[in-house]
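Below are two complexes that have chain A in common, paired first with chain B and then with chain C.
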Partner chain A sequence: MPDIRLEATINGRKITRNAKPHQRLLDFLRDDLNLTGNKEGCGAGECGTCSVFVDGVLMKSCLLPVAKAQGAQIETIESLAKTGELSLLQKAFHKAGASQCGYCIPGMVMAATAAIRANPFADREEIKERLGGNICRCTGYQKIFDAVEMARDVQNGRLPATIFSEVEAEQGDYIGKNVRSIDAPSKVTGRLKYAGDMTMPGMLHVQVLRSPHPHARIVSIDTAAAETMAGVEGVITSADVPGEDGFGVIVNDQPVMARGKVRYVGEAVAAVAAEDLLTAKRALAAIEVVYERLPAVFDPDEAMRAGAPVLHDYAPDNITKHIPIRVGDVEKGFAESDLVVKEAYSTQAIEHAYLEPEAGLAYVDHDGVVTIVSPDQNITHHRHMLARIIAKPIAKVRFIMSPVGGGFGGKTDMIYQGMLALLAMKTQRPVRLVFTREESIISTAKRHPSRTRLRMGLMRDGRIRVLEMTMVCDGGAYGLSTGNVVHKAAVLAAGPYVIPNIKVDTYGIYTNNTPSGAFRSFGALQAAFATESHLDICAERLGLDPFQIRRINAMRDGAVTHTRQKLGSVSLSRVLDAAEKVSGWEAGAPVSRGDRRSDLDRDDIRPPCALGARFAAADKQEAAE
Partner chain B sequence: MDKQMSADRPKERQVMLICGEYLTPGTLDEAFAAMQRHRGRYRVVAGCTDTLPWAREGRAGDVEIPVLIDVARIPDLRESRVDDHRVWLGAATPIQRFLDDPALGRALRCMPRCAVWFADEQIRAQATIGGNIVNASPAADVTPALIAYDAEVELAKSSGGRILRRRMKLDQFVIGPNRTALEEGELLIAVECDALPGHGGSFEKVGHRRSLVISIVCLATLVKLDAQGRRFEDVRLALGGIGPVPRRLADVETFLRGGPLSAARLEEAAEMPVSLVASRTRQAYRRDVVRGFMLRGLINAARRAGAEAGALPPELEAVYA
Partner chain C sequence: MARKRGRGMAVCWYGIARTAPADRAAAWVEIDDGGSVKVVTGVTEIGAGILTVVAQIVAHEIGVKPEDVVIGDNDTARAPGPGHAGGSRQTYMVGNVVALASREARKRLVEVMAGAGAWDVDAELIHTGNGEVWAEGTNHRISMGEAVDIAKKRGVVPVGSASFGIDAAARLDPVDGSGRPWQAYVFGCQVAEVEVDTITGEVQVLGIWAAHDVGRAVNPQGVEGQIEGGIVQALGQGLMEDYKLESGRTSTSGFARYILPTSLDVPQVNSIIIEDPDPIGPLGVKGVGELSLVPTIPAIMNAIYDAVGVRITDLPATPEKVLIAIRNKERQGSHMAPQAAE
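Showing the complex of A and B:
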């Protein structure tokens, strides 16, 4: 492999270096020059965390073979605040609160810089268009656009620069005030180190062999060839687990790596630590696994039927968790009702898609403490589990939570930290694993897909007499947070409404799908989607305004929920009033609308997405020519 | 029990394309020499925006190509020229140039609108028209737009020390998903097409979001009106995303040419290509989109071509413009 002799100017400094022909500019900047401000979020040009200037033109460095940088001037995020003082845009991002997890922010600041350089007077629509190549999952973009507009206005003298130094909250007086986030400067400059940005002397690179089958018995794993490859320092399988294997949230049903059988496509089967990434990858290819395929089940309703393939011996009915709730007399409730409405609802799996793919670093320190650094949303629980898995006293296990580049619940499970610990112990060297986006999607938990059957009985005046709900959630191959998610779905099934008779059954079911787990709202979404959709349908049947049917049934201060929780204050009525007002709601039953809706096409409603803000003037000109 | 035993030697999983050598020839001669020297072991790349994502897990996956030959720096391929009647675009012309070069934008009214929907500012600076054409994705955006301009491709290969050149129509060059008439050892040198500064242009596209999406359907429309701005003098239409290859809508063009901008004729024209939808998925949705895009494309292009006030049916203008 002849190296490339690369001459370029990086952040104003001339460099001459050897680079590998297959390296991307991003690898070269991050790995060889230690410029870790720009990140890798997808590796496929989709997310923009890697955006850098090449000869003044913003480009995605994950799509640029390093040879394309030959002779070029490269500017990374590190170039913007070189003197230590934040750039105008960086200050505006800080002031506007535009950074949350921060992982997209270096790329976003670069894109904003490019936008304002291209058109210092760009309006919000044009700013949106020019930032179109950069994705953020936390902010909903509004604060980011605010920041760019603020920087534009300061630059054009329409806002005073003193706006950046204004302080809204006085010492000790924070509630209801805008508080500056103190970690924003580290994010807008790219200085904050996420786990994938961290290195240690002597560090090895980890890669994971994953199951190609949804359900199969592991007949044998032969790692001999991989272990003897030059550059390979350690290979592990479930046989390397010294203690009691198994992690989870409620049931510890998931081994660190597949033990005896695999239960979903993407499940870890073995892992390798090697001197470099490429060697680790090549070693994976040398591991031979013999599988005996087993019948698999992908539908939770089918998994509940007798004779369905069984995933876990402890749960022959494939039920992870069943939450039954009974209040009052459901049959009597239906008998008393004027109207009974029955419907079915379903929701799908959703990927969290945080911009930071999972990454972690582990080492055994001088006192023999196994230390894991990762964006882990549940370190205390994981510390206890890992101690049991690696058979060490709790004092010999340490978890350090690195900055989480977006979690949304998706980083609450100990999916890979166990492998890192085992490899650090086996090699006695620091080890690091950085997931690819593809790996993150196939192997980590999703939002639970659900199917809900809902039957509701109501009086003619809109009062709900009875609710009967059965919800089946696909928990996938392992338990993770399923038990708690279906628990919360059951608790929230009746919504904030007074309903005297209730029968709720929520189920979490094992299937050979990717495991489902924690995802913000945690079971509330699935239940609320069914109950609230159902209320709209009932309103239509009864000729009631959807707001009205909710007000009729709304819980008030002091109400007791169907799970006997006493609510001190209930804000539902205020929320309904506010929602009705801002939505410009056209009062009346859903059936009463004519073909023109007065609640749409208003000035304060955002127009549909279109591109070409910059053509508005050109249009007229084209016609004139 | 049906036992399926399998020894799975896993495919090597790469984070990227692995190559032994990455060559950046400075001239066409150097490029052909490299192609000859590495015959059978190389792949040509330009912007790399199709090649790199293609080499990831879940798609081609484990790609190890001994030699990559990057033609994007060859000055001949990077040039573009405009005269009164023709436009010449080197194969390595980046998409962003349609937005940055006013002369190109004027000669090819459709192309800036096509470009603004293409990926994002950053990828457009890197992605080339040659890559879009040779990659021959059924969802490609530039290819159908250029087909509407009657584009021809110029191809060349080196044989016995001489460079052999040939030309063909772009819509014949693209023959199927990821398939073209490009021969072994051949390079796409340029695209040549009509300059139509007097035509109004539109490019309609729908995908899942507004940036960074590939087309579910796209439609390139060019319209020239008579001196009064009341009749179609010329119409050019090409659809993408609706089947294995982009389609020029010659029959619709003939139907409209010389006719008025009436609602009846526009609506009849909009119906004509609906039956062409032959994609593998979402056919019903695409048919609806084609019908709507035809009206939107024709009305927008006609307005930009200077349609007389009131010449376009106001009820359609209200919905589609």
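Showing the complex of A and C:
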């Protein structure tokens, strides 16, 4: 198809450009006009990071064909602080602490700007509704609502503009002060460049061929056709790895690209670097891989049974890690208990869903140093691993952390940096890979799904006599952080309670599922879900208030943990007292007494969500007029 | 009534600063020409606000404003001791090490100013703050930039460096698990208030009261941000998020199918920051990044039980699951509370 001759007004400037008909408005703004402030988060109109104004209307630019911009007025995040001074909303986001990783923030600021333009008097509930099309994974939204309300009130003269000023510390004592985030101005304006916003002269575009099978032997890979395509500069497979091929966090069991067999759907098999993205994608289609399917196992309990398919030769029982904790004598403990309660708990896999999909650049510099620029949560460890993989001294490998658009543990794994390094070495040109959202979801680690069996014995007065827990975590196809996750789960499993008899076993298991890895709270979440639900069940049966049963068992100053570590000060009583007092908790056994509680519906909760809040507010306003 | 309210609570604990393998961090600090401060350290900002925390600590220790602190990139070829962002470690590890390096740089500057070639006073009388240097009981008061100029003219560059590490202990005993896995422990407690729609099964979390010990809050607003964000991630896992696999293939590969909490799903979070200082590090800080998620889900599940008498033991507590549990309870005239064993 011929190019489109596009005439539009972008951030107040008239432009005439050629555009490709298949381009989305987002691509045109970011790739052709270098307006990288608005981001791509999902490519499906779900997350709002790409929000711009088209003729004054908030639109998701990932859903708009570029032709829709013909003759239109387009405003991007770059339009808001054009003079160098932040807009009211940008100042408010800065002051209120509304940006964390910052990746959603340009879109969020656009949506908030639209909200305040639509109704300068919008209340908090209406603001929430108007921001409902924009996802933030870091902040929990609360400080974003605070910021929009602050900007609204300054605009309406209800608050002075001095509210945006930096906090003063007269004695220079800046610890304990709400100093404004030093990187927020770069985030609220869209000026901060994430890896996917960066380009280098001569840069090639990388695409990755991924496994369609959960478990298969690779019979052959034929890259000849792809390699000879015009515009293709390099194709790599595991055969291109010069050193020891393996990365991980605990065990280096994952090859840079599948070696001999694939173990999960989405695993990298080959990668291409080409002059443009389209050519790279076409080259992937020209790579011929012959697979021989292998029996697969998807259930960790089945994977532990004799005769189950084995994923890794070094672990014939499919166990990545087992952590035991033993204290006292559990059988004696159960015999002594007045009440024994058992229950099973399970948790699901979840996705980190950082708004910034994985992206990275690599190049070989003038001194032959292989350099990787990526949003990487652990550049130290990755430098060591990559040096081994590409058989170079550690000093000839350099990792530079680009701004991380959310991590939560998910960017701890060196899942793609190895491929970038190999392609930069092979082509001797800078290369860049930007994941799509789908690619990010299928190929990167999840939170470990878990199955927990918990048995607890207590005395009539509420003292826990014994706890026995077995937790099986599905680690998926590769080890990643599984060993550390089941370690943390085991150590913290029994909770901050004095318990004389404990038997805890946590297991991380290989399956042909998407690998599980590091995820904020790292095994502790799964264990606490079981233990803390269980304590309430026990409290009901013993007629004890939930705070009371925890106080009876709470570790205190000088306590010894379940791993026999002596603690100094233990703040558990303080946090219990504080939460009870501030929430105005009404004491009583947890007997499903919601309908008789007197501590509900206080001023410090939000109202239940009722869609259409803005219409209700409009009606009220109309009635008042 | 179709909508029922209830409350639940739960507690958590968490370890900070790993001992095996030993965690460690390093930093270089220079009080620069003009009175700003350069800091280079392996700090991994993933949005949690650690750059601001570092700027505050350096400003506090050296006596400049946070806006006058310039932090170098995290780069294995340029920064000392880069470490990872994880394990709620950075305020503890990086915060403490930049404090130590800052103290050394400041000491070097103060020694010049106290010397015979400058003010000739007892070093103890020299103070710094907000970009100024002065000597107590005298009329000496100059800017930090002027002080750096004086130091350099006397052949001194005010730099400091530090290493901060955790005394390595053995890994957990392979038989009974005994060991000393972390240096510091933090504790938290959350109360949740929910509303359950008994017709649709939908659960709305209306309020969370979250009390967390963080050691010492360098930036209380940032701590709140960590608590609020963590709670909403946990809420997602508790009520809606579900990465579904069928024979190893996902049906939730995009945000249209993988449901995340939006602005309309989130409770009002009331944070209570408790400070029980760490006795080992120079600042007393501990950490907050991860522990805020830990008690949220059981607090919500306990609140659902309080509201409608059903116990969800299999996450997430989707409307379908809650509704089935409510129906089962009505049908059987008993709740799903577990059977007493033995």
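Convention: the second predicted complex is superposed on the first by the 598 of 625 C-alpha atoms of A that agree within 3 Å, B and C clash if a C-alpha of one lies under 4 Å from a C-alpha of the other, contacts with A are read in each partner's own complex, and residues count from 1 in each chain.
What we mean here is this: a residue touches a chain if its C-beta (ideal position, glycine included) is under 8 Å from a C-beta of that chain, and two chains touch if they have at least 3 such contacts.
Fair warning: this is a prediction, and the values are worked out from it, not measured in the lab.
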Ask   = Overlaying on chain A: chain B and chain C, fit or clash?
value = fit
Message = Contacts for A:R191 in the overlay, against chain B (first) and chain C (second): which applies, first, second, both or neither?
response = neither
Residue contacts on chain A - larger count, chain B or chain C = C
Request  = Could you say whether A:H312 touches chain B, chain C, both of them, or neither, answering first, second, both or neither?
outcome  = neither
Ask   = Does the superposition put A:V57 against chain B (first), chain C (second), both, or neither?
value = first
Key: Vertex chain A angle, Cα centres of chain C and chain B, expressed to the nearest 10 degrees   = 130
Task = Give one of first, second, both or neither to describe whether A:A44 is in contact with chain B, with chain C, with both, or with none.
result = both
Message = I'd like to know which partner A:P546 touches here: chain B for first, chain C for second, both or neither.
response = second
Inquiry  = Quick check on the superposed pair: does A:A67 touch chain B, chain C, both, or neither? Answer first, second, both or neither.
reply    = first
Request  = Return first, second, both or neither, reflecting whether A:P590 touches chain B, chain C, both chains, or no partner chain.
outcome  = second
Key: Partner chain(s) touched by A:E438 [first = chain B, second = chain C, both, neither]   = both
Inquiry  = After the superposition on A, what does A:A578 contact: first (chain B), second (chain C), both or neither?
reply    = second
Note = Smallest inter-chain Cα gap (chain B/chain C, superposed on A) in whole Å equals 5
Request  = Return the residues of chain A at which the contacts from chain B and from chain C coincide.
outcome  = 44, 46, 129, 132-135, 438, 609, 611
Query = Can you list the chain B residues touching chain A in their complex?
reply = 3-22, 24, 45, 47-49, 52-53, 56-58, 68, 70, 72, 109, 112-113, 116-117, 119-123, 125-126, 197, 200-201, 209-212, 303-306
Ask   = How about chain A: which of its residues touch chain B in the complex?
value = 1-2, 4, 21-22, 24, 43-46, 48, 51, 57-60, 62-68, 70, 111, 114, 118, 129-130, 132-135, 207, 209-210, 212-213, 219, 277-278, 281-282, 284-285, 287-293, 436, 438-439, 609-612, 614-615, 618-619, 622-625
